[in-house]
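Heads up, the next two complexes both have subunit A, just with different partners, subunit B and then subunit C.
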Partner chain A sequence: MRAALKKYWRHTALAMQETLAYRVTYIVNVFSMVVTYTVIFFVWSAVYAGNPDLDGYQWQEMKSYLIVSLFLSSLVSMSSEFRISRQIRTGNIAVELLRPADYQKASLSITLGYSISEGVLIAIACLGFAFITGATVIPQNALTWLLFIVSVLFSMATKFLMVYVFGLVSFWTTSLMGISWLRRGLTDFFSGALIPLALFPSTLRTITDWLPFKAIVWIPASVFTGRLYGRALTRDFAVAFIWIVVLWFLGRLVWKAAMRKVTIQGG
Partner chain B sequence: MAIIEAKGLSKTYQNAVKEAGLAGALKHFIKPVFTEIKAVSDVHLSINPGETVAYVGPNGAGKSTTIKMLTGFLKPSGGQIKINGMDPYHQRLENTKHMGVVFGQRTQLWWDIPVSESFTLLRDIYAIPPKRYKENLAWLSEMLGLTPFMGSSARKLSLGQRMRADLALAFLHDPSVVFLDEPTIGLDVAVRERIREFLKKINRERGTTILLTSHDLDDIRDVCDRLVVIDRGTIIYDGKLQALLDQCVRCRTMHLRLTSDGEEFAKKIGKHANLEVIASGPSEASIEFDRFALSAKDIINLANTTGEVIDFRIDEPDIERVIKNVYEGKLDISGNRGHV
Partner chain C sequence: MHFITQTRRSLFLFFRFLAQNTKIKLEYKADSIILFFSGAALQGIGFLFLSVLFTRIPSIQGWTKWEIIFMLSLIFFSEGLVSFAFEGAWQMAFLLNMGDMDRILLRPVSPILQILTFTMGIHGIGNMVMGTVLFILSLSNTIIVWSAAKILFVPVFIVSACAIRTAISFAANCSAFWIKAMSNAIPLMIFQLADFAKYPASMFGRAIETLMIFIIPYAFISYIPAVYLFDKFAWGPLAWLSPLVALWLACIARKIFYFGLSRYESTGN
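Here is the complex of A and B:
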């Protein structure tokens, strides 16, 4: 058990080092995120200029929501997706397969490494953002902070598994571009990264309630702003957790199919 | 007991059949048609612990496919494999613990971080005990001269340095069997030499079983005591390298200098059953002949019918020619077919 933890932790440690080796890319990524969200921020502030209350969302709460959403959308970055698809395309995946390490767990560990080193910088950027825009809505007690941290872990797990499954699809498509656009489009829309889910029409909201995307942005951001608590929170956590389990096994399944494909057509 | 055992191993790929042009592509899109290509068929291999085996064959003969199946990366279409008593495909994770692999065209190194970090990664992946890890690392670094670039990132290494690092990584966890697919491809003579020395030493001192594919005949002669030749998916020779050479002593090459035109001479005797003119010029000719059928004197007598032999020289067969002859089916090796 300890050996296993050490084995996967080493993947995480190396991934952290790798992001640090790309100092410029690292900073440019964060910068582009900040630019995107500056735009989004101004769009929303224009929406709020005419009416201070949008279906129960005050501008103050919205500011916090947007910042947390920025943080979460940047956490599991595209580097993970690119890594998997690159390995498939170049055939370098053979090298990793011939070691006694589980590919899915190793990929998860590596993504965690990317997220930790990128997360620190993004968190700093977000704090700066909060300071400049005067976002004041934050969790009021330790329990909420704790629930927020748990929800962030759920968010990362869900997003990683989606990236992993979509990344594996490169086994069939050889190119990642289309697949990646599809995944990002779905995620941005259904996770609440663009528009808080509470502002969706009710039928659409019912649908998103049962989809896994919600856990990526909406749940943690709403826990953070104090909108999600009690029974609704328990329900959302339960659904998110079930999805993580389902996606984990879906990852296994897609992996098996991908391996069969390699078997038939050659590496 | 054999450490590598393959019985009736075969691999069939499906290959898309597309007609030319847009219409063909469209047709394939709607109703794909595949043909089966037999990459490897009915291969039997049995390799004992401590053996060093060269697995050779022309491009596309099925070498890499066999290696991919033996290492557990590809699932065989038929037949059985046991490596250390395990099925490498179905018990992949367990099997890889005792196995090392180097694909000459790929690397295990993390591209952007120091080489030494890739070693710590493998230390933790294979759970190598700290003391053993230290010993092995020191030993491998010394043998392969890794120290100068342990701190550089892999992307800054030369091909030779990268290959040496990859070899060290493959042997780090004391594997009992190591597969090397073209380990010396693209390397200069000095590095190749160093790698060969390393392989011989590790085989001698640790008894590691080595199976390597290579187009470099020095690799084969220097490192391996057994030769397996595959062509078009089937094994056409399996035996001692020396035995093959001995057998091939029957074909010798004679270089003649003539007073007459060599090409005319070549034309005249070219149809003779037991010899072949391999080169000819205005006043010279090189002839390969079966020494059991013809003697050197016979050749000279033949030559003297068109002109006069001024000088001659006889070459004993070199390994390159021998193997080429095996590929081309010119050699009678039926005695060794299927030999284990």
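Here is the complex of A and C:
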């Protein structure tokens, strides 16, 4: 067990160093997130200029919600997706197959590494955002902070698994661009990254309640602002957990199917 | 006379390159279908976002849902057209680093034309289709007091918008002459700034408004035409400047390219 942990920790540590090497991708990712959220911020602030209250959402709470959303949306970035797809396209996946490590677990460790080194900077950017916009709604007690941390872990696990499954699609298509945009677009919308799910029309809300995207932004951000707690939270955590298990095995399934298909030519 | 033959030849070559590139891309059927639909779907999500937002509020700073969707459709359409016809601009770093630029420079055809048409993006078609659909829907859901001038303006500004978009992305990609790395952040960052043009520039405060109108004039693609067509402000007719802005930007982009080229040293083959 300890040896296994050590093996995967090496992946994580290497990935952390790698982020420093791929600065450009990193800068672009953060910049594009900041632009997206600056736009959204101005849109919401214009909305609130005319209505002080939207279904119980006040501007103060919305600001905190959006900042946490920025943090979570940046956390597991597209770089993980492109890494998997690059390995498949260039054939480097063959090397991975030779390694005495499970590819899904190794990918998870690497994504974790990216997230740690990126997360620190993103957190600083978010604090800057919070300072500029004057967002003040934060968790009021230790328990809420703890639940928030748990929900962030759920968020990362869900997003990683989606990225992983979508990344494996590269075994069947030659370019990942389209798929990756689609995943990002779907995630942005259905996770409540840009509009809190509570403000969705009721039919759409029922749909999002059963989709895995909710765990990526809506749950952690609402725990953070103190909107989600108690029984509702327990239920949401349960659904999120089931999705993580389902997606984990889906990843295994897609991988198996891909392995039946893959032919590696010597080189 | 020489100029006319030159233009005709360029246009002829442009369509030939485009046709060839399309054939190349269509060889990858699954990829093309995915890219087409993901282009359209991604824009559809942008539309969905606005629809949900406007279930809660009647208007944002006096702009109705369909007026903003009108702006959105122009961003989608111009983005799509540039990806479809001029995706090659994004290959600049690749061309410079791999030495393909030498091949381009040796041919007796404008290097700019060759670079712009080096490749094409299928997703552009998806964006254009979605942009067109939303454009038509927004026109039928908004109140425009049409005049002869406004009717005449529509084709003028659509062509200008596409030219502005192309010039900006080409100029931004020329940064590859100075930043000698395969991945260059500048063009992507400038591309991303078009997000601000999806909403009325007046919403973002003076600094961003100035940036969008005077420095990287994405506002001429969507916001300024919208102000004119919907009679939002008295300065609306200034939208007629958009062809001049397009021309000005094209000249600047050309200047930047040839300046960069003068510093270009081949990687050698």
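Heads up, the rule we're going with is that the second predicted complex is superposed on the first by the 257 of 267 C-alpha atoms of A that agree within 3 Å, B and C clash if a C-alpha of one lies under 4 Å from a C-alpha of the other, contacts with A are read in each partner's own complex, and residues count from 1 in each chain.
Please note the rule applied: a contact is a pair of C-beta atoms (placed from the backbone, for glycine too) under 8 Å apart; a residue touches a chain by one contact, two chains touch by 3 or more.
No experiment lies behind these values; they were computed from the predicted model shown.
**Q** Quick check on the subunit A-based superposition: subunit B and subunit C, clash or fit?
**A** With subunit A as the common anchor, subunit B and subunit C both fit in the superposed model.
**Q** Is A:Ala3 contacted by the first partner subunit B, the second partner subunit C, both or neither?
**A** It touches subunit B, and subunit C stays clear.
**Q** In the overlaid three-chain picture, which partner chain does A:Gly178 touch, first (subunit B) or second (subunit C), both, or neither?
**A** Touch status of A:Gly178: second partner only.
**Q** Can A:Pro100 be said to touch subunit B (first), subunit C (second), both, or neither?
**A** first
**Q** After the superposition on A, what does A:Asn92 contact: first (subunit B), second (subunit C), both or neither?
**A** Once the two structures are laid over each other on A, A:Asn92 reaches subunit B alone.
**Q** Report for A:Val246: first if it touches subunit B alone, second if subunit C alone, otherwise both or neither.
**A** Neither partner.
**Q** Touch test for A:Leu14: subunit B only (first), subunit C only (second), both, or neither?
**A** Touch status of A:Leu14: first partner only.
**Q** Any idea whether subunit B or subunit C touches more of subunit A?
**A** Comparing touch counts on subunit A for subunit B and subunit C gives C.
**Q** What is the minimum C-alpha distance, in Å, between subunit B and subunit C after the two complexes are superposed on chain A?
**A** Minimum C-alpha separation, subunit B to subunit C, in the superposed model is 7 Å.
**Q** Which subunit A residues are contacted by subunit C in one complex and by subunit B in the other?
**A** The answer is residues 22 of subunit A.
**Q** Which residues, counting only subunit B, touch subunit A once they are in their complex?
**A** 13-14, 39, 65, 68, 71-75, 92-94, 96-97, 99, 101, 103, 106-108, 110, 112-113, 117-118, 120-122, 124-127, 153
**Q** Inside the complex, what are the residues of subunit A that reach subunit C?
**A** Per the stated touch rule, the residues are 22, 24-25, 27-28, 31-32, 35-36, 39, 42-43, 46-47, 49-51, 54-55, 172-175, 177-179, 181-182, 185-186, 188-189, 194-195, 199-201, 204.
**Q** Which positions of subunit C touch subunit A when the two form their complex?
**A** Residues in contact with subunit A: 28, 30-31, 34-35, 37-39, 41-42, 45, 48-49, 52-53, 55-57, 59-61, 123, 181, 183-185, 188-189, 192-193, 195-196, 198-199, 203-205, 208.
**Q** Which bits of subunit A are touching subunit B when the two form their complex?
**A** 3, 6-7, 9-11, 14, 17-18, 21-22, 90-92, 94-95, 97-102, 260, 262-267
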